[in-house]
């Protein structure tokens, strides 16, 4: 009985994790550097250089973070959904898709939490309300909860393939669910003619330097997401590889049970 | 005839992982049609997992397998359609009567009412017990009900996990007779059991399952 | 066996089990009634209660859904019947539809009770105009709830530690049904001054929901109960 790992997909993934001690590669180091530069520029522009809003004052600066992170959170969700579909699509299935989906969801949860927090803070500072019942905010909160459920499903145990299939299905069901939630909340709030309820971010007009800073925020956070995703996905691959090695050891131990008795 | 030569079960280096535990650590096993194979071994050796694997319930982590002519990796649905499993649990609905249970499980394979009645008869359940809800039966009676459901399924391969447990002497003889009759009609039987004396009277072959592997294929009898 | 015949076989089996054990009748219906009473304690205002009675009906339904789904799959996992269904080669989509049908039937009984209680306890008023809207709403919403309940119930069935997962997965998904059914019921009952005609767009939403999860569930259920 040899210790060869079964399945080409596992060994190619292990092979792609270069370096015995880390998940960094030349590409990720450049990407990381670019991310740092972008975030640094964002900090400077966002906090210092760009002007305060005429109406909202300094609190508009939170918007750079809020919009940046919500953008990434939705991108992460789409990546999770697409990766899940990719995993299920080709039945020969590489677990890499599953790990991308999982890593993206983990990162997405973090960005989602930041979004909700920053959004609540901004709402409080601008209009005195931490929360507003509109479609976008509510859907974002639901997406957050759905992510958490998805991650819980990933932790249910079983083999890697079982985890992959089960969570892929749950992710695709979430793709059904989220638009329905969004639409139903939108329809719901449109019935209530509350003047104060609405898409608040559109109340803020951004132009010139502020618009540029916002775009920079989107770019910087996207770079951060990409860098993080590459690393996290590799960590998950290493974890799976460790499980496989652990399996070989466990197999050897299991067989000695027979010899002893 | 050619298909008699084809083994009913063919496992090659089968590894089954439950969670992170390798319940089966590389099983090589060939079972010919018409055999009554006894799986013997201590608790935790992997007998139950081996039966569930042959039933098509569990995925192979490594290795290859064929059961009833179907591949265990790609054709698990087809495998299931051809086997019957009696596990530790009985697979019964406790609130329904014996007859309702056998009728339901028979219906899943399209058994006729006649076949259902025959199954009930076979396990001596027709008279007093047929209309009793399962939750009022003794453990042995529930086992017999589960066996009747298995009979109604007309499977090619019968997989039984400790089937004699909970049965009295008459019940055990009845069970053995049922298994021999099934083999007589062309089925193959694999039984996991602690009952060592059964090996002599019932089984055509004994395999020891230890440490997640099938060892020491023995010849006739115990 | 075709999916439809499988579904009918399993639906009849589930309903027969309930008829024998009467768990939903004796435990879940009283629970739902109790929830309605507790709402009254918490909200403590006759005008408020009458106004929000549609919402309370559907909230109580959603809470009860959780329990009925757990019961439905508890029946399967108690004696390894779900495994036996898989070994029997029964088509998973048939299991899904069958259990959803049985679940829907039980939910309908529940909703009748809750409506009666709303009329009695909260003095909600049901008039002839809104009746068609109300009945349609109940039927469509129930289908949607039965589909998602069965789907996520299958995922959460079996292994220990999964039961607590069910509410976390299920409740976000039923939100559109809660919104839609409540708004449509408000229109049907004339609560909050809504006209009956305003309810129908919501029913359309409920139809879309039920269709999507009916189709999605039929496809996905097999993967979720597999090992």
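Letters A, B and C mark the chains as written, and numbering starts fresh at 1 in each.
By our rule, contacts are C-beta pairs under 8 Å (C-beta built on N, C-alpha and C of every residue); 3 or more make two chains touch, one makes a residue touch a chain.
Because the structure is predicted, anything quoted here is derived from the model rather than measured.
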item	value
Chain closest to the assembly centre - both centres taken as Cα means	C
Farthest chain (mean CA position) relative to subunit C	B
Centre distance in Å when subunit B and subunit C are each reduced to the mean of their C-alpha atoms	38
Subunit A-subunit C separation of Cα centroids, rounded to whole Å	32
Whole-Å separation of chain centres (CA-atom averages), subunit A against subunit B	47
Sequence positions of subunit A contacting 2 or more other chains	157-158, 162
For subunit B, residues that touch 2 or more chains besides their own	59
Multi-chain contact residues (two or more partners), subunit C	227
Footprint of subunit A on subunit B - complex, ascending	13, 15, 17, 19-22, 25-26, 42, 45, 59, 61-62, 210-213, 215
Contact footprint of subunit C on subunit A as seen in their complex	142, 145-146, 148-149, 152-153, 156-158, 162, 165-166, 169-170, 172-173, 176-177, 180-181, 183-185, 187-188, 191
Contact set on subunit A toward subunit B in their complex	1, 6, 157-159, 161-162, 243, 246-247, 250-251, 254-259, 261
List of subunit B residues in touch with subunit C within their complex	55-59, 77, 80-81, 83-85, 87-96, 100, 104-105, 107-110, 133, 149, 153
List of subunit C residues in touch with subunit A within their complex	151, 155, 159, 161-162, 165, 168-169, 172-173, 175-176, 179-180, 183, 198, 201-202, 205, 208-209, 212-213, 216, 220, 223-224, 226-227
